[in-house]
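Alright, structures below, take your time with them.
In the two complexes that follow, chain A is the common piece, with chain B as its partner first and chain C second.
This part shows the complex of A and B:
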């Protein structure tokens, strides 16, 4: 049985006190299930003090106490992983920069989208020298593995326009949705409210502030409109603020659900907001809402434009506060259009079904292992 | 058939002299969304047992001599064995002065339907000298700690408790391991144990006598019970979902 060792940064938080199931974590779980189904022996590694856990029953996750991250890379973690996985037949670097500076003989890395487009990145790397060095390391990380699997085309276009030699390095495997689990359904009858959902991590790059502004404006304008903010925040403090903020308003809700409970929740929504401003791939939450047949308002960032064609299966906007309010208002006033766009969204989601994702991955893995 | 369709939810509770406190509030809530409430009355000298028995879902057991004060671990084990006999799918470990937000009623069935975790954690809010405000300073901050209160029962497994006279925890050791898959819920728990100022000195003295050196609980946490200046926040109830 061939062995696959996977390196990530933090599937679980290194302290273990906050448990977050974000998109990357869910990708990790589905990826593991797929590899086990394919008959591989799988193990995971991440940063941690030496504790062990399981990523799914029977698949171990071990930890390496190396968290030093000069210039947003983790060379010591990379090296420790290299040394500890001598019996691996294939290494998967779950985040592209983990493949710096050295990769195993047979290896694949995964790009979850452009992550260097958020404004803080420019201040995180302050000098020209630092930025040049970071770029040099990114090139080494992208050039090392036999294949870099990218979840969107934006990353590939950026990398190839910067380094044309990387053209054949990339494989485009967009994110997935299980269209059997996420499908249109009947709402629980109740209060006849129109519900707008923000089913994301509550962070600025996802457009939480713009969405919160839109919620305040539009719940004042319409008494029959509810806003549902569904997801965890990056800190306890922010979760506190969001809870208290939502509790002050009659039609604003803040909560989160386990990923397996989300199909039921989405079925009860009418419009979904994915107003990301940066660090975005082909968001699972976007695909899930599409599969449920909901009209989506998305920012034209990262991989979202691989999923949404403006006016056909969603609205694609520059996610400014005003644009977001106007786009939601437009859909609130046009229920027939919501229906039509939602139907097209469902049709589109079928092209991203998880069975297709698994097939594409199987091809890439067998190509790399066969070399 | 369970209250929530598929899964049998058994609440377990260890009580002693709770009749004049929050027992009625607690049981009237539990009675809505649990299937069975297993209570071990630790030799109450008031009418706690009578109050318990007014709720049809309660199955009451009684110690003739107080057990918790002498050996918490033994009392926990005894309650656990009684709960195991009720053949639950999920077990809710709750105290007689704790009440969930109302939204638990519509959501508990969906939480128990999950396959991806075996333990569910909640944030507990300590109401302080009032029924309207909770304490947030230092170790009292409810926002940065979760407690495991709901666990999936797996018949045939061996469960154990730490051999401690105090603070041995309300769930078996096996549910505290790194390997247990957990879900942290946004649904909050109101704890009224410190809501009445009259109880403060009594509780402080009890813990101080049981654990004078502060070995079983951070000493500064116990001492902070007597703080003159504390930081409070006003409770706002979260709205219930209609789906």
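This part shows the complex of A and C:
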């Protein structure tokens, strides 16, 4: 049985206590299930003090106490992983920069989207020298593995516009949705209200502040419109603040649900907001809302333009507060359009069904392993 | 000079001698833009490169060629800047220049995504446009993504207006239905430019034609460079399959018919691609599309929904074509969805999006709306 060792940064927090199922973590779980189904022996590695856990029952996750991250790379973690996995037939670097500086002979890395496209990134790498060095390392990381699987075409386009020679490294495998689990269904909550959902991590790059602003403006304007903010924030304190904020308005709610609960939550919604401003791939939350047949308003960022065709299966906007308010208002006033683009969203989601994702991955893995 | 004059600056709407129109996506784009500006009560004219100084009127539009371009394009642009008031750049200028600040620049997609180009120099060209112009209108989301990933503090200046298809001109001739048996025509409706993938199309296409007696290739190509046509025709004539490879050069008016007689349309771009008119028109015509994952094509096609997306690779193209030839039902589904997606790229929507930008950037030129 071939052995696959996977290196990530933090599937669990480095102390192993706070578990947040964001998109990347869910990708990791589905990816592991797929590899096990394919008959591989799988193990995971991440940053940690030496504790061990499981990523899914029966699949070990081990930790390496190397968290030093100069210039947004983890060379020591990379080296320790290389040395600890001598028995691996294939290495998967779950984040592209983890493949710096050295990769296993047979290896694949995964790009979950462009993550350096926000103005704040400039302050993380303040000098030209730092920026150039970071780029040099990223190039080494992208050039090392046999294949870089990209969840969106934006990353490929950026990489090829920066280093044209990398084109053949890339395989485009967009993210997935289980269209059996996520599908249109009957509302428990009834039709007396129009419900707008923001089913994301509560962070600035996801457009939480723009969405919160839109919620305040539009719940004042319309008494029959509700906003549901569904997802975790980065800390208990932020989650407390969000709860307090939501409590001040009758028609604004804040809560979170496990991924398993999301299908039955989403069927009660009428409009979904994915107003990302940066660091976005082919968002699972976008695909899930599409599969439920909901009209989506998405930021025109990263991989979202691989999923949403403006006016066909959603609206794609420049994610400014004003544009978001106008787009929601437009959909609130046009229930027929909501229906139409929601139907098209479901139809297009079928092209991203998880079975297709597994098939594409199987092809890439067998190509790299060379049978 | 008219008080609501807007001068379009571009490389060549007409050939450099001013004698005949140039065939290409940018030129088609500009003719549509000129019509829209007139509808909005603006008086547009065009300033372009010339092999000598000339002035012509075509379709009621005054067009000036600047012979200075033979010496230095940047000098020609400087001369144009001196001769004009409010300007509109129909494409990014590849030479060092100072854009007029209250202006629009159009990006037709990333053009330097090939080893023939220097990424650093070309990113600097984009930076110049983003820094100096008021608004950069991009025809696709991937140019925007590249800019955001490179110059995040400037990318807010970008607005996206995808290209369009005229849905009345380009439409299925009859209700789309399963075509089981009968001949299959595979169309390549592009210019003979290396970036458009003619080699890829011919190499893969000939392998398909060899294997499938009922398949024909149709090349609908330009004649901007007659020497390219000669090379391609010589190559085709040297193959045993020459009788099943048709080439032609068509006017825009003939293109609806060309698409109507095609079953599969291939857009095999290798680099430098935006939201291709050919792709949009093939979609609107209800053809089944195979496109590459290059530039803005992925903003038009969702793999397995309204077409197939491949890497620009001969084996992948052969595989995609084999799949489509073997599956008439799949061809039908993809082509139906292609037509319905194309309806979100109508000329009217394009005009509506442009009107908003033009009102924002050139409020002084637009008659007030009451």
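The rule is simple: the second predicted complex is superposed on the first by the 366 of 371 C-alpha atoms of A that agree within 3 Å, B and C clash if a C-alpha of one lies under 4 Å from a C-alpha of the other, contacts with A are read in each partner's own complex, and residues count from 1 in each chain.
Going forward, a residue touches a chain if its C-beta (ideal position, glycine included) is under 8 Å from a C-beta of that chain, and two chains touch if they have at least 3 such contacts.
Nothing here was measured: the structure is a model prediction, and the numbers come from that model.
In the superposition on chain A, no contact is made by A:216 with either chain B or chain C.
When the shared chain is aligned, chain B comes close enough to touch A:255, but chain C does not. Of the two partner chains placed by superposition, A:124 touches none, neither chain B nor chain C. When the two structures are aligned on the shared chain, A:66 is found in touch with neither chain B nor chain C.
Contacts of A:329 after superposition: neither chain B nor chain C is touched. In the superposed model, A:351 makes contact with chain C only, not with chain B.
Shared interface residues of chain A (contacting chain B in one complex, chain C in the other): none. Across the interface of their complex, chain B is touched by residues 16-19, 51-54, 187-188, 190-191, 236-237, 239-240, 243-244, 246-248, 250, 253-261, 264-265, 268 of chain A.
Those residues of chain A that touch chain C in the complex are listed here as 114, 116-119, 121-122, 153-154, 156-158, 160-165, 167-168, 172, 174, 278, 300-302, 305-307, 309-312, 316, 318, 344, 347-348, 350-351, 356.
Residues 110, 112-115, 117, 119, 122-123, 141-142, 144-146, 148-150, 152-153, 155-156, 159-160, 162, 271, 293, 295, 298-300, 302-305, 309, 311, 337, 340-341, 343-344, 349 of chain C touch chain A in their complex.
Per the touch definition, chain B reaches chain A in the complex via residues 110-111, 113-117, 121, 143-146, 178-179, 182-184, 186-187, 236-239, 241-243.
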